[in-house]
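Two complexes come next, and they have one chain in common, chain A, joined by chain B in the first and chain C in the second.
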Partner chain A sequence: MLKRVLLSLMVASALSTAAYAQEPKTGGMINAVIQPEPPGLMMGLVQNGPTQMVSGNIYEGLLRYSPKLEPLPGLAESWNVSEDGKTYTFKLRKGVTWHDGKPFTSADVVFSIEFLKQTHPRARSNFAQVDKIETPDDSTVIFNLKEPFGPFLGVFEVGSLPMIPKHLYEGTDFKTNPANNTPVGTGPFMFKEWQKGSFIRLVKNPNYYIKGKPNLDEIYWHVIPDAAARAVAFETGKVDVLPGGSVENFDVPRLSKLKNVCVTGAGWEFFSPHSWLWLNNRQGPTANKKFRQAVMYALDRNFAKDVIWNGLGNVATGPSGSSIKYYSSDVPKYDYDPAKAKALLKEAGYNGEKVRLLPLPYGETWQRWAEAVRQNLQDVGINVDMVATDVAGWNQRTSEWDYDIAFTYVYQYGDPALGVGRTYVSSQILKGNPFNNVEGYSNPEIDKLFADGAVAFSDSARKPFYDKAQKILVDDVPVAWLLELQFPTITRCNVKNLITTAIGVNDGFRDAWLDK
Partner chain B sequence: MLAFIAQRLAKAIVVLFAIVVLNFMLIRMAPGDPAVVMAGEAGASDQMFVNQLREKFGLDKPLPEQLFIYVKGIATLDLGFSFRQQAPVSQLIVERLPATLLLTLTAFAISLLLGILFGTLAARFAGTWLDTAVTIFSLIFYATPLFWVALMAILLFSVAVDWLPSFGYETVGANYTGLAHVLDVGAHLILPATTIGLFFMATYSRMTRASMLEVQRHDFVKTARAKGLRNAVIQRRHVLRNALLPVVTLAGLQAGTLVGGAVLTETVFAWPGIGRLMYEALLQRDYNLLLGVFVVCSAMVLAFNLITDLIYRSVDPRIEFAS
Partner chain C sequence: MMNFWRTMLRNPGGVIGLMILILAVAVAVFGPLLFPTSPWRMVQRPFLPPFTAPGLPLGTDALGRDVLAGIVHGARVSLLVGLVSTMAALAVGIPVGAMAGYFGGRIGDALMRFTEFFQTVPSFALAIVLVAILQPSIVSIVLAIAIVSWPPVARLVRGEVLSLRTREYVQAAVVTGQSHSWIIWREILPNALSPVIVLASLMVATAILLESSLSFLGLGDPNLMSWGYMVGAGRTVIRQAWWITVFPGIAILISVLALNLIGEGLNDALNPRLNKEGR
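Showing the complex of A and B:
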């Protein structure tokens, strides 16, 4: 175990060495884009993407993760796992204070977990295995688990477990607490101002516990609702950072060619956004395995990658993204093969019934992708009826299983037990949630493999379960996997060190600096 | 006149009530509700989460009860709480209303002034190349989608020549005060206000032209000419004044449409007004906020119509207030 901790610290030190290759300069302001406008900035209450992107600067978790998903120190400076995998001991950094000056202690950690169990669906399931939490002193937290939970060390980043100040929330109605409007965390930046519809302003935390950090004085997050207008704002120099997904894909090559512009796909390793087509396994042609396999052969996914996504990302080989743990490429392959698709459709006895295709209403890129998929499917003889919806309609239809084929993409959270299993295990067939087993696939063998994989402790013990699960799933095609998505972050090249961890811009601008 | 206003206000309240009920039912017919949207945005959710949200928003109650609660709230001027923005609806609208009023009134002024000016010119020089040029110019902007004109304006004036800012209400972080602030807001206002203004200008210009040509044929104009009045005086005092009546009617009717134009324009130019608030509330099924914006916009349109009726009186003294 000592070896494991040492390894973590070595990785941390190697990363920080790389980060400091160029001496950072202090001061300055960064203008970034945020879209859509977050509904609130209190991370304990709101878990959507824009909230985390802004508030990842205000709040912090116990750990951070390297691009290879190894844990790095956050508010915890070290950690230890018992041999039986049931006891996790975290040593917290000393001298950390909340933005209002009160000390951060182990009591805040316990309180945060209690808070999040009420408001944060992911935290609720991540901490379901926790039997009790002990705090022998102000800087030690011990988690005792009912049984080993393999991915446990992977659930401490700021989005999964933001630390919440006990002294402001204890005994109050969390949802109406006035502190929600002026969020208080321990992070490198403090909330200063929010002009709804215009901008959110964060300023440097002068008492941040890492000396000399953050380097920047302030960050402005601009709310610009139109994608083309966001591209223009960057082009005209009004903003310096376009986080992944801020502009339509077809604008990326143009913006990338501008002077002093840098583009990176890094910073999505933890989320590892994975796209696929839900195929309704319950009824209609999509209930037939051969039909689903035909869909896989009918899709020209390289075209989608090269043309619609401008070459970004990878063709997905199966249920797991290649950057998450226990990914295996040793699975059946589905290359673009319309002839094979037609043959399979014939075997399936498909007689030209109409199949409803639901695009993802997230802008022009997704609309174009849906049109390309419709053409692929029509080319092999599938009768496709495209159904237009907005975001609310899409959520409603998918979570109520009212579709035949539907686009989606889902975060995988670094570990198959956290972000992959939920799509395929039968216990997750529950209406009202667009992110669980929406397709209705049910296979007791898969249920058992994911259950065993989660409670096995060591990497070597867990891997065989997931290897086997990936093989079975790729053969069964419960959903039609499309691409491992990559959302490019576009910045001015003088913005340095912006992305240092596996959640990229979502981890805050702690290490970023401006080369003036 | 007071009796007239009182009667119109009473009618307006009935209309407003009908609008509230109709909108309430319409928005609930759209698929999805705020709980589903927010659960979707969370990236992970469970039934407990969705149920908690529905309970919190009162969406678990029967629809008639929800309507009753809402109407009761409206009667006490309480527009409710925004599910998504986690703030009282009235506060959100009050924050955003000044920006929309500034934008729409400026656009209104631009459209009216340019429309009447061009319409007068076209009527004065009817059948000449100037008439044709004004007609083509007006129709181009009328026939082109607002968002496209907005994007082209950005490309030309912000990207190509860099004269005007492309987004926002003011230069964020500049902290201008006094005249510098006014000029800064003005610079941000030019593109969005002109975009909307040019669209609506066409109708005023066409209406003014047609109306003036018609009035010119009347006997009193011939009499004025026979009296030896100068043409400019005839046009201004006799023709334009009489020709303006239908333009005023049209302006009153278009007050509501202006807000519709603001929805698109505010979105493209990131103008922090209620048009954008409405658009976002619709996408997020933020029922209370959406209905709140509808109520305020409807009230504004009703007020505009009342003002139009009052203006009739000053434009044409023959019109009397019937009570």
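Showing the complex of A and C:
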């Protein structure tokens, strides 16, 4: 029954992405851009964005996720959760082999988790609640949890838990294992060659366990260091796929007007990058709640969306992105209202102290955005001084709390317990990390709501905690939420079915095909 | 003095340069009265081409900011940086060069080796490193430009002083028991000044270019609108909106050209060998 439901979900999502169903064609080669060049392709050791993008098609996780973040079968063909939310049983697909021909079994799953607990910070916290893992047979894995962990079904995506071949890594030093240079996974594509500084070539896995897939024969990932050159490579037809973030925003409208070019913002639902301004809650004018609310009213976020991001993305309503579980829009609203901002500043007793603004040094788009925000804030009478910085300086200042207002964006990983809570709970106030509770917001009520929400079991039990947390946070404005970002993926229109899951290009080539 | 002006005015290039410079200074001084609001203010829809909207003759940039207002406010920054950093460079270069030339010997050698040390490092690379280390701000930019541009001044002054100190009137001053500083300050330097003035006018031009280049690379003061910043920010959209880069580029070109013409004119007017009648 469960399988049938899932199957119909898959079909539904496939139908909704394609305007009309077409029979996939087999064969063909795709040229894509990878930016920047990944430091390595062994996904268990390196978790950078570009590594995930290439290797997500070589390795696989137990589950995949639909754009609505519902779990889909991956290496696990079915799963079962016990009534008390403490036992998760996964049935693995039979007949799956590694690229070198060895069979994939439940022992590999256990080994992968052991491996990743040493090398993958996120996996370490995701599996902290696991008490023990049982493998009654080669195709069954049972996780026993100490306490129920609400988001547990959301941590089996390929970037969070890639399956690593036990027979190649057991008993070796993971970091120096020669197999790292020739990654071996179970995925639809196999690693073929990597000319450093030039391209990475993947070829079809002929023994893939889904008959007829993948449709493509080869993928070339081209390394092109300059943003303008990447845009030109697309224009001249050298590449067919520009994954999100590989060209500057202002090039997007120009490229999307070309013939036979399709643009989509889909495929980032799992990460749902959320941008905001850190407001230092510890000191200075930003320590005052009224001042922080004034900042929210002063920001013209629709302008930022339309002009700086070329209309891509959504204005953020609060701490959670709208694709994140338990997102609630029933929160106080902050529309662009300079008059209200001025009134709040007066109430806050702000007397023109200098406020430092730290931009995010990720290129032109972010610099322009910082300039627009500075103007918004100056317009309501906030004395803003922009600080110039580079990436290292930005990391240093935010992780050491040396700022008044600072730009950032953060991945949310689908569930408030995985990617949202860390920004607001007081246990995450730790120097040295630019992605935890950097603003220094501390509220025992919020701490309790996030703690209870994570261990409550079943969606209906968890939702009330997060509804309440969002309401309180939006009223308190610990940080000034800007936009739910969208990184558009630009392709030739004859590249079909590339983006069907919540991580888009990262595992999308399994189902992609080329219309000739 | 009359003679100087007469020669200067006889040089058409110099006159044109002077007129442009006076105009640029006027814009820098009075422009902000014409454009009283911040040049960073988003006033209209972005990417508005020139001469399409009333009050925005040069169009708007990627955020809808008035390009003309940017150029007017940028004039202040560019000229100020050019002037102040040249002053600072002269303040270092003249004493170093004068002492090296006047005292010679070990002191002269030491000072000149020190100067050469700065000359061997490519000046623009050094300026980038300095600004990056000190964090981009108007002070660090002026400082960096001054640091990379004083060595030529020192060398020039040293050469002039070397040749002047053997003159009879200098030796007469030595014989009458004047102090070293009196001799350098009152006897030698006034006579060594003409080439320095010419050099300084060219240094202002170079400083404007250096500031523009730094801003172009994103190392400008993020709180000040400058021509280099405008070119740098507009460069990425040049295929959609040429006017964002072209107009500030022209502003840089014209003001640097003007300063060069003035330098040429000054050279003609101040160089005694060229200043002869019947030339």
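Convention: the second predicted complex is superposed on the first by the 495 of 516 C-alpha atoms of A that agree within 3 Å, B and C clash if a C-alpha of one lies under 4 Å from a C-alpha of the other, contacts with A are read in each partner's own complex, and residues count from 1 in each chain.
One rule holds in what follows: a residue touches a chain if its C-beta (ideal position, glycine included) is under 8 Å from a C-beta of that chain, and two chains touch if they have at least 3 such contacts.
Please read these numbers as outputs of a predicted model, since none were measured by experiment.
Peer 1: Using the superposition on chain A, tell me whether chain B and chain C clash or fit.
Peer 2: Aligned on chain A, chain B and chain C fit with no clash.
Peer 1: Touching A:V307 in the superposition: chain B (first), chain C (second), both, neither?
Peer 2: Touch status of A:V307: second partner only.
Peer 1: In the superposed model, which partner reaches more residues of chain A, chain B or chain C?
Peer 2: Counted on chain A, the partner with more touching residues turns out to be B.
Peer 1: Applying the touch criterion given at the start, work out whether A:R368 contacts chain B, chain C, both or neither, answering first, second, both or neither.
Peer 2: The second partner, chain C, only.
Peer 1: Identify the partner contact of A:I224: answer first if only chain B is touched, second if only chain C is, both if each is, neither if none is.
Peer 2: So A:I224 only meets chain B here.
Peer 1: Looking at A:G40 after the superposition, I want to know if it touches chain B, chain C, both of them or none. Which is it: first, second, both, neither?
Peer 2: first
Peer 1: Which partner does A:P206 contact after superposing on A: first (chain B), second (chain C), both, neither?
Peer 2: In the superposition, A:P206 touches no partner, neither chain B nor chain C.
Peer 1: Looking at the overlay, what does A:S399 touch: chain B (first), chain C (second), both, or neither?
Peer 2: Touch partner of A:S399: chain B, not chain C.
Peer 1: Contacts for A:A388 in the overlay, against chain B (first) and chain C (second): which applies, first, second, both or neither?
Peer 2: After superposition on chain A, A:A388 lies in contact with chain C alone.
Peer 1: Tell me the contact category for A:G101 with respect to chain B and chain C: first, second, both or neither.
Peer 2: neither
Peer 1: Rounded to a whole Å, what is the shortest Cα gap between chain B and chain C in the overlaid structures?
Peer 2: 7
Peer 1: Would you please give the residues of chain A that touch chain B in one complex and also touch chain C in the other complex?
Peer 2: Of chain A, residues 228, 389-390 contact chain B in one complex and chain C in the other.
Peer 1: Please name which positions on chain A make contact with chain B in the complex.
Peer 2: Where chain A meets chain B, its residues are 29, 31, 36-37, 39-40, 46-49, 121-122, 124-125, 175, 180, 195-199, 201, 218, 220, 222-226, 228-229, 232-233, 235-236, 238, 389-397, 399, 410-411, 422, 430-436.
Peer 1: Applying the document's contact rule, which stretches of chain B touch chain A when the two form their complex?
Peer 2: Listed in rising order, the residues are 30-33, 36-50, 56, 84-86, 92, 95-96, 99, 151, 154-155, 158-159, 162, 165-170, 172-173, 267-270, 272-273, 276-277, 279-280, 283-285.
Peer 1: Give the list of chain C residues in touch with chain A in this complex.
Peer 2: Residues 38, 40-42, 46, 62-64, 132, 135-137, 218-219, 221-223, 233, 236-237, 239-240.
Peer 1: Quick one: which bits of chain A touch chain C in the complex? Just the residue numbers, please.
Peer 2: Residues in contact with chain C: 228, 248, 250, 254, 303, 307-308, 359, 364, 367-368, 370-372, 374-375, 378-379, 385-390.
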